[in-house]
Amino acid sequence: MSDPKFEPGAEPALPIPDGDGGTDLDVAVLPSFGFGHRSLMWWGTWGMIAIEGTVFALTIATYFYLRGQGTQWPIAEPPPDLLWGTLNVLVFLASAVPNQAAKRAAERYDLAGARRATLGCAALGMVLLILRVFEFRHLNCRWDTDAYGSVVWTLLGFHTAHLLTDWLDTAVLGVMLCTGPIEGKRYVDVSENAMYWYFVLASWLPIYGVIYWVPRLPPVLSP
Amino acid sequence: MSGLPLAAFLDTPPLGELSQDALRAAGPQAAATLALWWPTLALCSAVLLGILIALGYALATSGRAVRSAPGDLSSLANREPGLVRAVSVGVALSTVALLGLVAASAATDRKLASLDTAGALQVHVIAHQWWWEFEYLDADVTRRFVTANELHLPVGRAVELVLDADDVIHSLWIPNLAGKRDLIPGHTQTLRLRADRAGVYRGQCAEYCGYQHANMALRVVAEEPGAFTAWADRMRAPAAAPATPLAQQGRAIFENGTCAMCHTVSGTPAAAKHAPDLTHLASRRRLAAETLENTHDLLARWISRPNALKPGVYMPDQAYSESDVQALTAYLETLK
Amino acid sequence: MRCPELACLALIVCLAGCERETRHFTADVPGPAYPGPRAQTGTVAGRAENPYARNAYAVNEGKRLFRWYNCNGCHAEGGGGMGVPLMDAEWRYGDRPVDVFTSIHDGRPDGMPAFGGRVTDDQIWRLAAYVRAIEGRVASATAPNRDDSLQEAKPETRRAGQ
Amino acid sequence: MSIHDTRSAELEATWRDPPGLRGVLSAVNHKTIGRRFIVTAFSFFVAAGILAGLMRLQLMHPGNTVLGPDRYAQIFTMHGTTMMFLFAVPVMQAVAVYVVPLMIGARSIAFPRLNAYAFWIYLFGGVMLYGAFLLNVGPDAGWFAYVPLSGPAYSPGKRVDFWAQMITFTELSGLLEAVIQITTIFKLRAPGMTLNRLPLYVWSVLVTNFMILFAMPAVMLSSTALIMDRLVGTHFYNPAEGGDVLLWQHLFWFFGHPEVYFIFVPALGFMSTIIATFSRRQIFGYTAMVVALIATAFLAFGLWVHHMFATNLPELGKSFFTAVSMMIAIPSAVQIFCWLATLKTGRLVMEVPLHFVLAFFFILVVGGLTGVMLAAVPLDLQVHDTYFVVAHFHYVLIGGAVFPLVGAFYYWFPKVTGRMLSGVLGRWHFWLFFAGFNLTFFPMHVLGLLGMPRRVYTYPADPGWGALNLLSTVGDWITGVSFLLFALNVWRALARGMPAGANPWGAPTLEWATSSPPHAANFPRVPLVRGVAPLWLAEPYAGHVRGLADTQREVLATTVLDAAPDHRMIMPTPTIWPFLSAVATTMLFIGSIFTPWAVVWGTVPVAVALVAWFWPTRAETAEHLALEKRP
Amino acid sequence: MITLESSLICTCVRAPLRARRAWPAALLLLHALAASAVDAEWPMASGDYANTRYSTLADIDTSNVGTLAEAFAFDTGVERGQEAAPIVVGGTLYLLTAWPNVLYALDLTRPGAAVKWKFEPHPAPRAQGEACCDVVTRGIAYADGTVFMVTLDGQAIAVDAATGAERWRTPLADVAHGETVTMAPLVVKDRMLVGNSGGEMGVRGWLTALDTHTGAVAWRAYSTGPDRDVLINHSRYAPFYPTDRGTDLGVATWPPEAWKRGGGGAWGFVSYDPALDLLYYGTANPGPWNPEQRAGDNKWTSGVFARRPGDGTAAWFYQWSPHDRHDYDGINEMMLLDLDWQGARREVLVHPDRNGYVYVLDRKNGEVLAADPFVTVNTSTGVDLKTGRLQYDPGKDPRAGLTIRNVCPAAPGAKDWQPSAYSPRTGLLYLPHQHLCHDAQTYTTSYIAGTPFLGVTAQMNGMAGTSRGAFTAWDPLARRARWTLPEVFPVWSGALATAGDLVFYGTLDGWFKAVDARSGKPLWQQQTGSGIIGQPMAYRGPDGREYVAIMSGVGGWAGAVSSGCLDRRDGTAALGFVGAMKDLPMPEVKTGVLHVYALP
């Protein structure tokens, strides 16, 4: 039987040549994975980043929409304490170092380096999560106090969810790098994970600004 | 005046006799909208017709083939300038038509906004699940009065309806007079309109507002200024004391029983605000936000088993004795 | 063996869901009859259940009526004021459904007015169901959550077990 | 047996889904998932159609008492919710799951396990909603669930929570599908299928999925805020505590209007595909068509406010949205004119799919024109939230999407099943559907103008709406009969339909190059594409791809723009973990309807399932290593 | 003689502070004119008709107050808030407790001040549910061997001062409709003056005069309604501002029927000027709280009436807060002072209002001479002295369905009922008050007889950047505060100024304090075991020593959270006051106790 095949009973459609006449392309020589935009995972990750970035953007838009509803912002509470959030910014920025190291190591197929850097990232992620607990405790509002509290908790909550999932991701990856099995794709995973970590980091900066500094804007800027 | 030849077949009421019809205007707002509607409809019909003709022409003039026929890819090589021209003209015409509609819409918007409201009658409309409260405002606060579900308007005088919602979002729509406006908790809106033609119009809530959304209607009575003034004066008067013993007994039940927990009858101790003001209930044509005719029998049934007639309504069912129902009905019928 | 048990459990869950979600528009729920003026607590009538205790719609209706009939003027969101607090576990006149019903229906000497005859018995049962929710004694799935008003207390769904 | 046949059988074994119950739950082949997706979506369509029939029954006469207000509210909410969230959007993605890899010459969809997970999530979300409905916990606040009616104060119990959680399910599924399909289209096209050789249907899927990516987060946010308001007492929509009820409308329609285009844009792809095939020529104005699709997608984000003209927005803003709402008609006009030009210059094959497509030119155009009317603020204020709007969006959605979809069903049915549907029954189906549809919905325009608001469970006799409503109900029955014929046709075809052959319609695109039903690996030999309509070329392919493993699910990734071969990659094998992850996710979502703590304990099984899903076995890795080649 | 003394005290004020040397002479004169028995006594809650709460006793002064110690205490056995002032006449101390309104006579001549008699009027328990802000009473009056009291359920009772026998009893209030009486009656000539409470229950406010001999109602002046009910006789009624002139304004400034439930009780202290023969009293807030349900100025609520005690006819009226938006009752005390006002002697009425301003009015005609904020006020921008009208900030106007935040002062005002004192020696007003703001949501409310008629859910908070309570010395001539003592909780007790240059007040956390009247320096304090919301008074005992007395017993609106065991999780409890009082400690002593202090 040839392929594509035709049912004998069906109307003969177009004559589709077997194709053997053309020049075949041998792809066996091609690599079996690729970094960056060559990889499917890179596109998948960017798709997720687009979705989650949109969620963050819309939540921030909601924040400003609610802020525009009244005359006071925060509605009935002091702004969040600066300490823990700012500390988190610093640790986040510091986390770029092991993160970049992980990415570089992965792209060099340096298993030991990738292992070290990934576990370093996971450790810093743990620090961030612990700091996050203090951040929640020093928001000076509850989610059910008023709409300000609701949107601030939601914003910080969404970001924490990303922090947590990416931390989990990094930790699992780190363990996998220690225990195996290892194949080339794992290095792509490490590289993509580093990219996602940058997203979590980059999204924190505007969210930090909104949560901690917008409530401190002088009222003249308030609508 | 009928905008629709179908009207006879459809058995719609004549204009001003409880009509609820966006195609027959009884005021400048609805008329301006109609003035936009008919040309828009004509234009759109023309466009539809044009496309159907083009489709018919295309189907009639194109060739036919069978399933096995080979595809023709010559178009990839040829630019097909005739088609480019035809499609460009079509798109350009559509764009011009749309821009024309945008302009016409904006012009109509402006016309709607330009209703002269100097000396307008102000009515505060509060939408409740599932009835309408109307507070007629007046600079002299003693001349304010409250009524429900029946909105009387003087013909020829602009009216400014100040809209608020008590619970969920509602929408006030009196199609013969004007387009709708939502009543949104936390946001006060206004709707300006004028009735130029005396008559009775039906309006209805147009935003889904819960189980009895369907039965949240209102009656708009547009009347000559003299008649309106007389009506308003009647509305301002407190309820007269009932004369018959039966009605007096009904009043006692009303004031000492459950009724006074929600309803107001002006001039009596009943002054609750959670249900329609009943001071002049008997002067209203219908009950329960236009749900029932205001007849003796229906009123009696409504008093005791409202949920059988309007399931979900907040008025509770009650096990009144027959004599209590008769007494209450007798009392309510004195509230002219 | 397990299957019938699971099925029974599923059925119970479903029935609970059904009762919770039914919209009792009319007073057609056969509630206990009004136990009579100044019913002695501890009598047979006193053991009666509130027919609406598991119905979310009726409890929510109770919450609406709580404001409509100005209960909130004295009892606030449950913290009290002119009236006693209803959020706490202290029940001067008993905490059984019938006690609550009687308090509303007949009033209590230290200031609670009697609403019997001014509020239908059916609505009093709804109010009584809500009063239990104020304290957090209605299942969280059935109790009302925050309403659209200014409020500071935790919503009724989260008062249980405090 | 030729060498090809041997390899074909080997490939079949490699790509086939495993047998048995466990195999059913482990399937990851995009055709299996696509079929299940389509069948599920059509099941929900049938369910929602039955609900529509009940509504028409109730509205047949003024003052009818078949349904009470409570039941009616649940039914119209379920109808709208099902049609929008469980049928229209998913079915478009479902068809894409099946068709797109075939159309672009790929052996697999990207992320096949995620694809399976997305399906299970969708299925579980829909089943949950219907389970709730049958237990009298059906949502009753309308499919757009305006607060405060849907909020904690006015919707007691769990009804709306189930609705909001259904959103979470379907949006999760939809967003994952968007990522999967975008990646598939960008990275898995057969070599040579440059972007300007991409079939218009694939373009429409690509554009749709990008819209989904940026619009669906809005409804996820709004429904999350709603469920938090209802469950943990946040105040997003409580004006007394600084919230705002209109925030819901902004967020919902920021998603909700593009959503109409999620449904409409793929249907435009069906149109282009079917018109091209049955007029035996390439669609006129390929570039203009693509630009029109992209323009539609952009404009779709700029007109959400036209759902809110009756609220208190500033006049200037309304004028802007009027303009955008009208201007979105221009790209549609471009497409319509291009199709007309194609039809005019083509040689038509008058088959059933073309009938459904031609109906578009009446029905969608009517819907589009009434849409233009609705864009004018003054007209909108009269007919907004009336039966005029009901008529409008049914004309748009049924004319613009369901007719093309049913056309596409007739078109691709032979490919999926290998059997032809009956043309005679198909024509009966078409004409009865066309007549029934118009009879049902055309009178609704008039009803709206005559003042009948939507979502009323009953209406009085006085305004004279009875006759038209009766007409409408009769139309609904006719539509119902037409779909019974459709079901009969499908059943007949499955039982003893005529075998279809690889390319029964003589269509030009790659899916017709493989057998019907397609080979498990889609293309035993992946072609090298050299044109936009390869099968109409005298020499369809420039050649074939060699060197992909037969014993592994190896596919070829190509570059985004030029589809140049880039690298080989091995697609994951069937596994039950996506199913188990979906079960765990479902437990989390349903649990969180009842307690916020479910979000905490519910993540544990989800995390476990996901780790198990991604954790490679040593055997697998060894096989991969055998084929590995570092870049 | 009392009258003479008070008018003389007021006359003293004319001497400006710089002529301080002159006033001991005046005091001497006073002592010469008044029998020594007089300054030993405290025959009415406010001490004198001018409402100054000034005691001429100077035994206890800044130098020795540090040694002040409790002479005796008397436990009334009654829980709930004790707001009443004891009175002392003829060696007997009379004391009225909160509900159930037990009247005690304590014999000061006997050691430990043994109970001479006890009178239990048995008021209707139902009244407890109708009193808005705890079941308090604010005191009693003495005249002609009779003690005049009013029960919470509104029965005016005359009790024989010697025997405790009831002379007559006249029910005045309709409890079923929410009327209660908490105020301290005043006796002027043969009239006993009683006003009602219930602005939160939709009552119609009134001030009633009873014949002291028979208990018959002589007249009743309503605060709303037609002129004949308000006792406005236009030939004898001359308000200063045109907006208060007109026929039946008590009807015309209300939507139809609303005046019938319009509030405007008269539950504060009544003042009396014997020279002008005029009574002065404030009217309470209009009902309901939701202002949208009562469009118009809502006369004659939240204002001040000058009336003739004989027939009750109004002489003039001035409205502090026209169309009150925030529960600003106008009932705070009117201190009748004679001041050198901008160079001329004026007979003025000084009134610190809930709306946050200290008003100085010409008490002959009601002209506003000055109105100056004594706290941060954001609900209004000032008082237009030309029209006399309070200038509201529309941004803080309540709107149905909306929450207005940070309304300052809150519903209890900058200063509630807690009466201030005035010392002619320092020329200062001593204001016990609070810094509270509230967030309030307004909604439409139903009138249901006997239930609250509010339409507002409020929740109070301390004003940002300041303490919740304060005790301020205000200079009415300089129109500014001299000093302010911050207190953790609102200062809910009255103030007492003495000739020993001391000022006494109590706090909600149970401290009874004495401070230097000139500098505000705290000199002495004593913990009483329960919050103090009573009114301090001083008397010379039969033993010739000076005593200072105060009732402790937490409660009142501010202390209801503790006295009513309210649930602190709900900040809207007690009409929102709980929001600001969550940390108020529960009292160690449950019952109300009279504490009397003297030098050792």
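Per-chain residue numbering starts at 1, and chain names A, B, C, D and E are given in the order in which the chains are listed.
One rule holds in what follows: a contact is a pair of C-beta atoms (placed from the backbone, for glycine too) under 8 Å apart; a residue touches a chain by one contact, two chains touch by 3 or more.
Note that the structure is a prediction, hence the values are computed from the model and not measured.
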According to the touch definition, list the chains common to the neighbour sets of chain C and chain E. A, B, D
Could you see whether B-D or A-E has the larger number of C-beta contact pairs? B-D
Taking each chain's centre as the mean of its CA atoms, which one is farthest from the centre of chain A? E
Take the average of all CA coordinates in chain A, do the same for chain B, and state the distance between these two points in whole angstrom. 50
How far is the middle of chain A from the middle of chain D, if each middle is the mean of its Cα atoms, in Å? 27
With chain centres taken as the means of their Cα atoms, state the distance from chain A to chain C in Å. 47
Residues of chain D touching at least two other chains: 70, 148, 153, 229, 232-233, 235, 238-242, 244, 504, 506, 535-536
Considering chain C alone, which of its residues make contact with at least two other chains? 23, 25, 68-69, 146, 148-151, 154-155
When you check chain E against every other chain, which residues touch at least two of them? 401-403, 439, 441, 445-446, 448
In the complex, the residues of chain C that touch chain D are 14, 17-18, 20-23, 25, 56-57, 59-60, 140-142, 144-151, 154-155, 157-158
Of all residues in chain B, those that touch chain C in their complex: 185, 211, 256-258, 260-262, 274, 305, 307-308, 311-314, 316-318
What residues of chain D sit close enough to touch chain C in their complex? 70, 132, 135-137, 148, 151-153, 156-159, 229-233, 235, 237-241, 594-595
Chain C-touching residues of chain E, taken from the complex the two chains share: 125-133, 200, 403, 439-441, 443, 445-446, 448, 450-454, 457-459, 560, 564-575, 578-579
Within their complex, chain C touches chain B through residues 23, 25-27, 64, 68-69, 117-120, 122-123, 148
